[in-house]
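Listed after this line are the structures, all set down as structure tokens.
Below, chain A partners chain B and then partners chain C, in two separate complexes.
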Partner chain A sequence: MRYAYYPGCSLTHSAAPYDLSTRAIAGPLGLALEEIEDWNCCGATEYISINKAAAYALVGRNLALAAQQGVSQDVVAPCSACYLNLRKVDHYMGKYPDLRDQTNQSLAAGGLHYDPGSLRIRHLLNVVVEDVGLEAIKSKVTRPLDGLRVAPYYGCLIARPQLNGGSIDPEYPTHLDHLLKNLGAEVVDFPLKTHCCGGHMTQISADTAYELIRRLLHNAAEYEADLIVTACPMCQLNLDAYQSQVNRHFGTGYHLPVLYFTQMIGLALGMEPAALGIGREVVSAAPALKKIGKVAPETPAAPRRRKRDDKALPMPRQREEA
Partner chain B sequence: MHGSRASDSFLTEVIESTPGAETLITCLQCGTCGGSCPSGPDMDHTPRALFAMINAGMRDEVLQSNTPWYCVACYYCMVRCPKDIPITDLMYSLKRMAVREKLYDDRDAPDWSQSFIGMVDNYGRSFELGLATRYHLTHHPLKKVGVGPLALDMLSKDRMSLRPDRIKGIDQLRAILDKAKSMEAA
Partner chain C sequence: MAERVGVYVCHCGSNIAGVVDVGGVAQWAKDNLEDVAVARDYKFMCSSLGQELIEQDIKEQGLTRVVVAACSPHLHEKTFRKACANAGLNPYLCHMVSLREQVSWVTTDKTAASEKAKAMISAGVRRVVLHEELEPTEVPVNPTTLVVGGGIAGIQASLELADAGYPVYLVEREPSIGGHMAQFDKTFPTLDCAACILTPKMSDVDGHPNIHLMSYSEVEEVTGYVGSFTARIRKKARYIKEADCTGCGICIEKCPKKVVDEVFEAGLGYRKAIYRPFPQAIPKFPVLDTANCTYFERGTCRACEKFCPTGAIDFEQADEYLDLDVGNIILATGYDLFDCAKIPQYGYGRLANVFTSLEFERMCNAAGPTEGKIVLRDGITEPKSVALIHCVGSRDKRHHPYCSAVCCMSALKFGHLVMEKTGADVTSFYIDMRPLHKNYEEFYDRLQQEGMHFIRGRAAEVTDAARLPGEEGKLIVQAEDTLIGRQRRFPVDMVILLGALQPRADAKETAVRFGISCSIDGWFTERHPKLDPVATMTDGVFIAGTCQGPKDIPDSVSQGAAASARVQGMITTGTVLIEPIIASIDEARCSGCRICNNLCPFNAIDYLEAKGVSSINAALCKGCGTCVAACPAMAITGAHFNYAQITAELEGILYDAVRGNGFGSPKRSGGDGRHAVIPEPALEPAS
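After this line comes the complex of A and B, so read on.
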């Protein structure tokens, strides 16, 4: 199965482990991913906040390049925000002729053109579940993730908005749950599975984002998850890289590693953690992965800080009996 | 519900700026949007209230509202709206109108968006370190004590680049974006 691959900006740096693990599992799963040549940013949530015509043209260039390069009708995006922007522009260009014409006038300035509907924009999670199939994946598992309690975190944009109906429940999807079960993991109930991670709010209104992140960590901890599994670079970044700040802000002590579903598949297929980018998360997954006997690269523990509201004097402690 | 009033021109303007927003006039004022909103508590008006204000032609109050800037674009309101109002898309339109007329109260959110698109216009891709540096050094740097350690975490995990990546077809992209911007301004 051949796909035009749109990694998106996050996967080139902050979500590099997602890209690495995606490429690592693609072969064994029978997915031939061919990167769209010279793709550009999808605009995230920012471009459309300032300029609509340019936001459509920005995405339009990617669609036009993918169609022109002709690798496949199916474009696969591992990033949920890219997935949204690509499919939304394709969908709205098809639905609103004015928008289609305006976008194509812009694209013409670069010698490009795009006919809406000529590509199918797919999220990597959906491709893995629908095209590869759970049975096929299960048959390839050599090291089941037995005993590992995972919280399946979808975030917003895999489930919403529903542009063409769609088979995925907008509030309570289950395909990531089923995928993880087939890898042998114990999937915990996670009622906040499609709640927002705060998106770009960490940058412009941190308190807003910290509260949303806290709710998610609290919910996963309540159900005694060993780790959170996600399919979105923004969700991973907010929950992982901001976890210590959230702990400082609320005086909490969460330690919940956040890995990508592609890393979990790789582990279950017997791949080495380092080859999947495991060890590059800020909150180390090594303690959790010991449960399944994986020797994950240890990340040096951050120096322990006293909680902000801890008013006790630092007292010398007796060494515990061995 | 509304005849030919001056207020209708603002309503029309908002609808025309957003694909599929004709449904806005059918808003039931049920409040499902505000009740579904994760950042609702930080907004000065819920989306429901904002729609009533648009209908009442309260142009300046609407465009000065912080509501669109607190929208996290989670699309919960949009999938739950019984009248299929493209609420998230409307929030983006209100942001654009506020920016065009410089009517927003708080500079932080629009500046972040502007900084981001500056990176995209220059390189064709996002450049996190450049973006964060440019933005945070000019917006309450003293409050951003957490940003430094976070950047170090990301650098030490090889998850942040010190240099931007520039696409090969940057001239082509700029020609496309310039053309689009000229049409938006018209």
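After this line comes the complex of A and C, so read on.
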């Protein structure tokens, strides 16, 4: 499976481990990722609200390059902000002919042109879960992540808005949950899985950002997660790099490492942590990762019998999960 | 002899006349169409004056054919056929052209509408000339009725028929009749206990000499036609000899195996492997659930057999099949509750103290798993605050677009019960309050006075992720209060989801089995949404209760009664006329290839070994035309839809399509009509 790969700026610096681990697992998962040549920044989360014409040209240039280089119809972005921006531009250029013409006029200055709808913009998580498939990944696992309790954190950018029929449920996504389960990890319920990490609010109003980060850490800690697994460089940065500041600010003592799902896949495939960029996070994941494989031996107790005086009502029967 | 056709263009008030130039179209028909002797336009053709106009013209002008260009034949075909018959003309020599549904209601351009009307009238005139005189067949109606589904609608229908003196087979899938109503605690708006008003009716069914109750049974197959259906019933093995069982319940008491009751207790309570869903179950005989019985799992136990005082347990029992002959069928198969886990942000299945409406009904019921105590999932703690979320799966594009009709009132009822039993604070999250029927608004008013809180806004999520003081250990309902325009968070102990009413999981298969249709949502389709709500497009098959759409108990009961009244009418008349618009096989042309035999959706075609040809059972044939189209030898003809008539109709509609190709003249093109006259392709483009 060939894909045009759009790493985005984060993956070249703060989220380098994401890039490293993505490239590391691509081969074993059968993904041929070919980087778009001469790609540029997507404008991150703000630019599109500040200068629309320039922002559309900025993103449009990447789309035009990908289309021109013709590696694949599928463009894959690991960064959620890049993913959303690429998708947004593709969608609105298709919806509004004026915007399409204006953007293409700008692109023409560089000898480029983009026809909206000609590419499919995919998030790396979608590609891994839908194209590679959970069964295929499970069959490649050599070191199951047994004993590890993980909180699946999607962030706010992947699931909504659902432009052009995104396949991730905007209300309660489960792609990452299923993936991590198939890697052997124990996935905790994480009600805040799609809540905002604060984004760039850390630079604008730190107090607001700290509160948003605290909520997430608190919720993951409440569910006794060993670590948080994310699919977004912004989420990783905020939760990881600002964790000590949040602790200082609120007088709390959270120690929750935040890793990328690609790093978890790599671990489960038996790769060395260093080769996946593990160890470069601020809140060390080492203590948590030591738990892998150390499952509390389950006492082979007789099937639990209800006590005669047990008044508890049965929980609803869960339907077989997909 | 040339036919004399009368063309009548109806104004339908302004329905048709507002868009189509009715006078002009009628005049055009008279001037241009061959065989047209009379053409008139009239304000309301369906009025008695309009009908008399046709009758008068038949008598005075010697009309031999009639075309009425008005509404859809679904509505008034019978009216105009009757008018023709009154004047001594065979009613099947009358044809309707649907100017309202197919032209005026769907066209805005007046010129285009009038042109389309002309084409359609031209088609109607061409085909009606070739109509044949047909006679309907008269068949007797078996006075026995099959009622499928023993909920309140089915019970009502059965009792009304039985009380009128007609025999009824009542078939119920579950071990007991009673349906969803038997699961409920109280009924709105009067708050009388559901069991108190339902169980007397159930006992009436049990003891009724005219009702043959078959519980734990399903209809496998239906054959036949109105007046004489045959239904194959599978009586599932109960593993109880009904003749010997006294219903003492010792087997249930002694059974060592307890399982969660997913059906009657909605998953909230337990039952034994041999069980009776509830104490007042009708019939009284228990059912042995082989999927959970220790004996069927491991080959030992047989405690029930050991203790049964009358030796009524029979482990060898097998399913029984019975063929019932009935004249009419009433379907009252009910609804399923929406699977609330499909909206994961409400936490059902994840968060222990989120309950569905059906679970809550069982919890409130004194005979339910908590003996009527309102408690959290731990079975002990009483909630101090309860949230009710309306429209879970209803009025939601992602699930069901429709309103489930009963949830607002259920929520009010629940609010009252919670406050009465626990004194807890109750908050309802609604989109719109819809207390529509008699005394419902008053009930809403009463609850407002009793202190129930109402928040107008669809709840966004239910979470246990506490953020603010006072939220720890609670479920938090987040919603936009649209009356003040603010996001609000409500920490509560218990959440009740008012799930949508949705069609039974197997409603589509049931519809196919009984030869009726489903709406897009999956509810059974009635013959007319306003004027014929309990009949279906299949004669002799009626529907009642929630299988037709969401409705409350009073409406279900009304429909049960209405369906039974319709059936009684058929039985009293004693015979029913069967439409003669059916297919027939020309034996001389039939090669006996049998292609048609399996294609017939009504199993109306048999192969006659002796003659080596296929033959159509006139009573079973519905005139769908499948076999007509499939027959490679063109040996099958559909009455009113033979090749000549269809070709003539096509020629009529294309009268002005292309000039100079044989279709150009509005006059008939000749030919034997049996085979389409294929015109030579025009060499020159039409100028």
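Quick note on the criterion: the second predicted complex is superposed on the first by the 290 of 322 C-alpha atoms of A that agree within 3 Å, B and C clash if a C-alpha of one lies under 4 Å from a C-alpha of the other, contacts with A are read in each partner's own complex, and residues count from 1 in each chain.
As a working rule, a contact is a pair of C-beta atoms (placed from the backbone, for glycine too) under 8 Å apart; a residue touches a chain by one contact, two chains touch by 3 or more.
Computed from a predicted model, the values in this text were never measured in an experiment.
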Request  = Report for A:A44: first if it touches chain B alone, second if chain C alone, otherwise both or neither.
outcome  = first
Task = Return the chain, chain B or chain C, that is in touch with more residues of chain A.
result = B
Message = So in the superposed three-chain picture, is A:E171 touching just chain B, just chain C, both, or none of them (first/second/both/neither)?
response = both
Query = Does the superposition put A:C196 against chain B (first), chain C (second), both, or neither?
reply = first
Key: Partner chain in contact with A:Q73 - chain B first, chain C second, else both or neither   = neither
Request  = Considering only touches as defined above, state whether A:S118 meets chain B (first), chain C (second), both or neither.
outcome  = neither
Task = Please write out, lowest number first, the residues of chain A touched by both chain B and chain C across the two complexes.
result = 171
Query = Can you list the chain A residues touching chain B in their complex?
reply = 9-10, 12-17, 38-41, 43-54, 56-58, 60-61, 92, 95-96, 99, 102-103, 105-112, 156-157, 160-162, 170-171, 195-196, 198-201, 203-206, 208, 212, 241-242, 244-245, 248, 280-282
Task = Name, in rising order, each residue of chain C that touches chain A in their complex.
result = 258, 260, 262, 267-270, 339, 341, 343-345, 347-350, 352, 356, 359, 363, 369-370, 375, 377-380, 461, 463-465, 467
Ask   = Of all residues in chain B, which touch chain A in the complex?
value = 17, 19-20, 38-39, 42, 69-70, 72-76, 78-79, 88, 92-93, 95-96, 99, 108-110, 112-114, 116-117, 120, 124-126, 128, 132, 135-136, 146, 149-150, 153-154, 157-161, 165, 167-169, 172-173, 175-181, 183-184
Chain A residues touching chain C - in the complex, by the definition given at the top = 169, 171-172, 174, 189, 191-192, 215, 218-219, 222, 306, 310-319
